[in-house]
Amino acid sequence: MMRIERTIKYEGDRVRGFGKEIMSVPGCELLQSCIQCGTCSGTCPLSIYMDFPPRQVMALVRADFKNEVLRSRTVWLCASCYACTVECPRQIRITDIMYALKQRAIQEGVYPKRFPIPVLAKEFFEMVRRHGRISEMLLVARLFLKTNWFAAMGSWRLGLGLITTGRFSVRQEHIRRPAELGAMLAAAGKGNGKAKEMP
Amino acid sequence: MSDPNWQPRIVAFFCNWCTYTAADLAGVSRIKYASNACVIRLMCSGRVDPQFILDALAKGADGVLIGGCHPGDCHYGEGNYKTMRRFQMLRRLLRDMGIEDQRVRLEWISASEGERVKTVINDMVEQVRALGPLNLPQHRAEWDGEMTSSTEPAGQPAEQEAAHA
Amino acid sequence: MNTQNKNGEVRIGFYICHCGMNIAGVVDCPSVAQYIAKLPGVVVSRDYKYMCSDPGQELIRQDIREHKLNRVVVASCSPSLHEHTFRNAVESGGLNPFYFQMVNIREHDSWVHTDRAQATAKARALARAAISRVRFHRALETTRAPINPDVLVVGGGISGIHAATTMANAGKKVFLVEREPSIGGQMAKFDKTFPTLDCAACILTPKMSAVRSHKNITLWTYSEVVKVEGYVGNYTVTVKRKPRYVNEDLCVGCLECIQACVFKEPKFADEFNMGLSKRKPIYIPFTQAVPPVVVIDPERCLQVRTGKCKKTCLEACADRQAIDFTQKEELVEIKVGNIIIATGFKLFDAKRIPQYGYGLYPNVITAIELERFVTSSGPTGGEIVMRDGHHPKSVGFILCVGSRDMKTNRWCSRTCCMHSMKLAQLVREHTDADVTVFYMDIRAPGKGYEEFYDKSLKEGIQFVRGRVAEVTDWAMAPEEEGKLVIRVEDTLAGFVRRVPVDMIVLATGMEPQADSQEVRRLFNMSCGSEGWFLEKHPKLAPVSTFTDGVFIAGCCQGPKDIPDSIAQAGAAAAEAMALIDKGYIEQEPNTAYIVEADCSGCKSCIPLCPYTAISLDDATQKAKINEALCKGCGTCVAACPSGSIRQNLFEDEEIFSEIEGVLSYV
Amino acid sequence: MKDALKYSYFPGCSLKGLGRSYEQSLLPVMRRLGVELVELDDWNCCGATAYMSVDEAQACVLAARNLAIAEKTGPRDLVTPCSACYLVLNKTKHNMADFPEINQTVQHALKSADLTYSGKVPVRHPLDVLINDVGLDVIKEKVVRPLKGLKVAPYYGCQIVRPYATFDDAWNPTTMDRLLTTLGAEVVPYPLKTKCCGGSLTGTVPEAGLRLTYILLKEAVRRGADVIATVCPLCQFNLDGYHDQIDRRWGPARIPTVYFTQLMGLAFGMTPEELGLKSNFVSMKPLPAESTTV
């Protein structure tokens, strides 16, 4: 039996004002002038794995299809290489738009579950907030704990290699004045009201 | 500021060939900008007599904007260079009078720069708004008072006075 | 404010135009009329839907008769649009036309503001200023100056050729100045023209020869305008004629000198063939060149460079002695009444987009290079070949190269879609290659153009909608080995594709000429921010410039195709001839004049005048102004220490009252 | 010879962790060239790409703290070798200059620690410093063991040329090419020099991330390179650390990847051990001259 699905979109599927909200993020204003040429998708090294190529993400954002965009894998596959941003003939800062979308997906908790990238971002965020610095091995360890044990097992040779080459360190790096940094981050949080405590 | 409804008033002298045309272009392009500037059309910025500027300020303008063609682009060859020289002299006089530089501006805006008309006018309106009303007629009365009481020789630049104080 | 002044009782009529909703949508016109009605001296104050319409103008005439108006103020659009209209209405109503003043409340008010209260307040202020000012207006007469009927056309591409021949056919004497050694411009390089696919040479060559043989056209190729003085009707132009070391009148174009040149083989990049072929130091630009005579490249010719050559060319031309190494650069002065600028465009340099590999991969070429390939008179005799000599099996066209891109040129070059489709059809005609066109949007809005697009589709040309991201030669799949790979999102299909092809054609866009800024200054024109010459009005005066008597035609004003260039050239010719046939120039009476009694003879005004219109009268020791030379800038007026120089239409009291007017409203 | 080139130095977390050998080679090489790098007092993580994904305002504050500390330290340029740090610090600097709202938020936060940032301190990459401040002629003087015969693929990666290409061309950067040539190495044409290595996706979405890494490696091998030179700790780790998985997925593309500073160290006569070259997974073949002298 062929499984069919309705793909039509109704006005009610749009989240009015979402496009405007993204375009009001500093640096994202030019999205308005997107001509859907596809340079971003063509340039992107990872668009070949995306459910919506970057060009479609731009169209969806502009047309207020918030749910479709925030649930898509696209933003999480962006490696921040900025190729689209420098190539865009309308000088749209596409990478920054991707960041704006990632922030909203995390805030609203709608990112794909068990997908390691948003989890990594959150773990990273937490570690920096607490210690001011990143200890890569600890970060990776936490990531695997939260997402997939088997993936960790699959990389055992890499881990072993790091130990034998002396690059493996589980010591947590700290800054000397974590309180100062904490106060600053808290002040920024109040500044735009966007930052929320991570669950 | 005493009057919350106060709006800066700016008198603009635009040359016919570049800046006036640029303002027309801004209109045709429906570029929106602050409504505080009223344009008086002259054939060339070289026609702007320093008296026009002083007169406008004396009659209650909070700022004066002069718009001409870019250097080298004057319809009449070099009228704008003459404006520039004259303007520099006037500026010194205005400073002596305690009138801030932001209140009297000379800008080059070519016929194709409709967008720049907006930027310049908006920018100037905001700066003048921040400075507040000029109230030159009132100031003049004050100066007259100072002149009679002060023993300083007349025409001493304001900046020097401040420096010696 | 008193209603009396030295002109007797002032009776002002005020009219505010709604301009449909253009003004009335933002400005409360009736309230402005009511406000003005209360001002002293105002006899009638009306608002009306369209003042520039016949009934609107009639309203003014009627009021002049019935209310004995002697001043008229109209608040509507920019004076550059309708000042003339209303002055005429006032004049036909029986008043001197200079008793009129116009207020710009559309371009300077309703179109640029959104707040109704603020826009209305500004309209009042501007209207009040005009009412104050118009009291001081005086009756003035326009002066007339004779017009020189000769015309200069700058640029010998299709636009310049068409403008020159049109005017020459009407009996006007035309000077046509072209920088290159031959006229013909870009069109001479084309094989066929869209959408009819008629041969470019067949339609251009007869026009080129007509230029040369026309008794009314003086053709100067290899020449440049270096100086322009004067004003409409009376320009003095200096033309630099570069030495071509060949006497044009004696050379018959037998080309034997080229054979005889000491350079046995052609060695230097041929400009006309975009460097795809070679030429010698003595050469003819192309077979159908006009004038059909050779030229010597001073940078390459041994004799010109070093003076040490066997001069075998001279021997070959012994009979006619057309070659003349003693030629020197010449400056020639001509007098004309009008000038038409048709200096054309420059092609975008494809190297500026490194991602497309032009200059890196030999089989990435530009559209104009392909044009030379497909022409039977071109370097390959009409064959489309790759650098290895093989015919391509697949060809990709990349559109919008350098166009519609904020990093390079923002504009659409208008012709590349059609040009590429034409070349795509020719590639199909000449080879059996698969052709794919990569485009952002197909723009085919001309007559017969959409049909041409349809024809391209039906001929099996593939169209992929997507701006190409990059061209590479590294293969990721077996079918890509040895090919150029185009990476692009097929935006209609919704995924990224890699398309291997043998040859890539870049549709490079049009740009203003590299020296457009110098040319603009030379002729006192304006440029838009992009560098194209600016027309006086985008709709109503598309071939006029802000300098009277200087017109623009063709691609120097913006990208356009051949039909549009010719239409514009014809329009420019007609505008110039309208001025010529009128026989005189009417001058705005805004000249300066001296009030002798006040003049102290200080002479400070004399060096200020750019037109040397001011001199010192030896007898009276006072300044005097030659009205015929004065252009009305007013610089001397502002500078006169005794206030003895005044300017018609811009009198001090007029401007002071205008200042007072804009500031005195509440 | 220019004397006492002094810079503030922002190592970033990676140079204290996985990219330790980058620092291990960078510092002595710079010292030999008379460049003094003074580690920034109590620097914190720049935030990289991950922090920006969670909270933009805080990400800017995080980076700005370092900029503010650098500004307080004195009128010295800030040098950072890690591409991500280079980008994030530069981006924060640009954002603060371009967007008043961001500037306001950040200044407010900085104020809580009595810090401020006026935008004066330039953020620079060691390549920029080496080419433009030190100069190739000075570097050439220090070469005692030219890298004759060594074919190097110069790999710049994304973030030092994009989106802020300040010291080199965004499409065809050449600073490292020129530097390597000065060391005596042969630079092979490497068209992928600014393509993405996959970033953190190599770990999180290996099928996508590692494919990019694989393409880079394969092309370098195809071009006949002996070694890939890189400027970024994450690029180095990606290109060096996943050969096992790449072998399994697409077949072998073995080629060593080293920091450009390690190659400089070799040319300056330092030993592979001193330069941390021994901690690579794919090790570099000894240089021809090395086998005779060592």
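The letters A, B, C and D name the chains in turn, as written, and every chain counts its residues from 1.
The rule we apply is simple: a contact is a pair of C-beta atoms (placed from the backbone, for glycine too) under 8 Å apart; a residue touches a chain by one contact, two chains touch by 3 or more.
All figures in this text were calculated on a predicted structure; none of them were measured in a lab.
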Closest chain to the centre of mass proxy, which here is the mean CA position: C
Contact-richer chain pair [B-C vs A-C]: B-C
Cα-centroid distance, chain B relative to chain C, in whole angstrom: 34
Separation of chain A from chain C, taking each centre as the mean of its C-alpha atoms, in whole Å: 50
Centroid spacing, where centroids are CA-atom means, of chain B and chain D in whole angstrom: 52
Interface hub residues of chain D, defined as touching at least two other chains: none
Two or more partner chains touched - positions in chain B: none
Set of all touching chain pairs, with the criterion as stated earlier: A-C, A-D, B-C, C-D
Touch list for chain A against partner chain D, complex: 25-27, 45-46, 49, 77, 79-83, 85-86, 93, 95, 99-100, 102-103, 106, 116-118, 120-122, 124-125, 128, 132-137, 140, 143, 154-155, 157-158, 161-162, 165-167, 169, 173, 175-177, 180-181, 183-189, 191-192, 194-195, 198
Residue ranges of chain C touching chain A (in the complex, touch as defined): 355, 404-407, 440-441, 465-470, 487-491, 494-496
Contact footprint of chain A on chain D as seen in their complex: 13-14, 16-18, 20, 42-45, 47-58, 60-62, 65, 87, 95, 98-99, 101-102, 104-106, 108-113, 158-159, 162-163, 165, 170, 195-196, 198-201, 203-205, 207-209, 212, 241-242, 244-245, 278-281
Residue ranges of chain B in contact with chain C within the complex: 7, 9, 11, 17-18, 21, 23-24, 26-28, 30-33, 35, 38-44, 46-52, 55-56, 59-61, 72-73, 75-79, 82, 86, 110-113, 118
Complex contacts: residues of chain D adjacent to chain C: 171-172, 191-192, 215, 219, 222
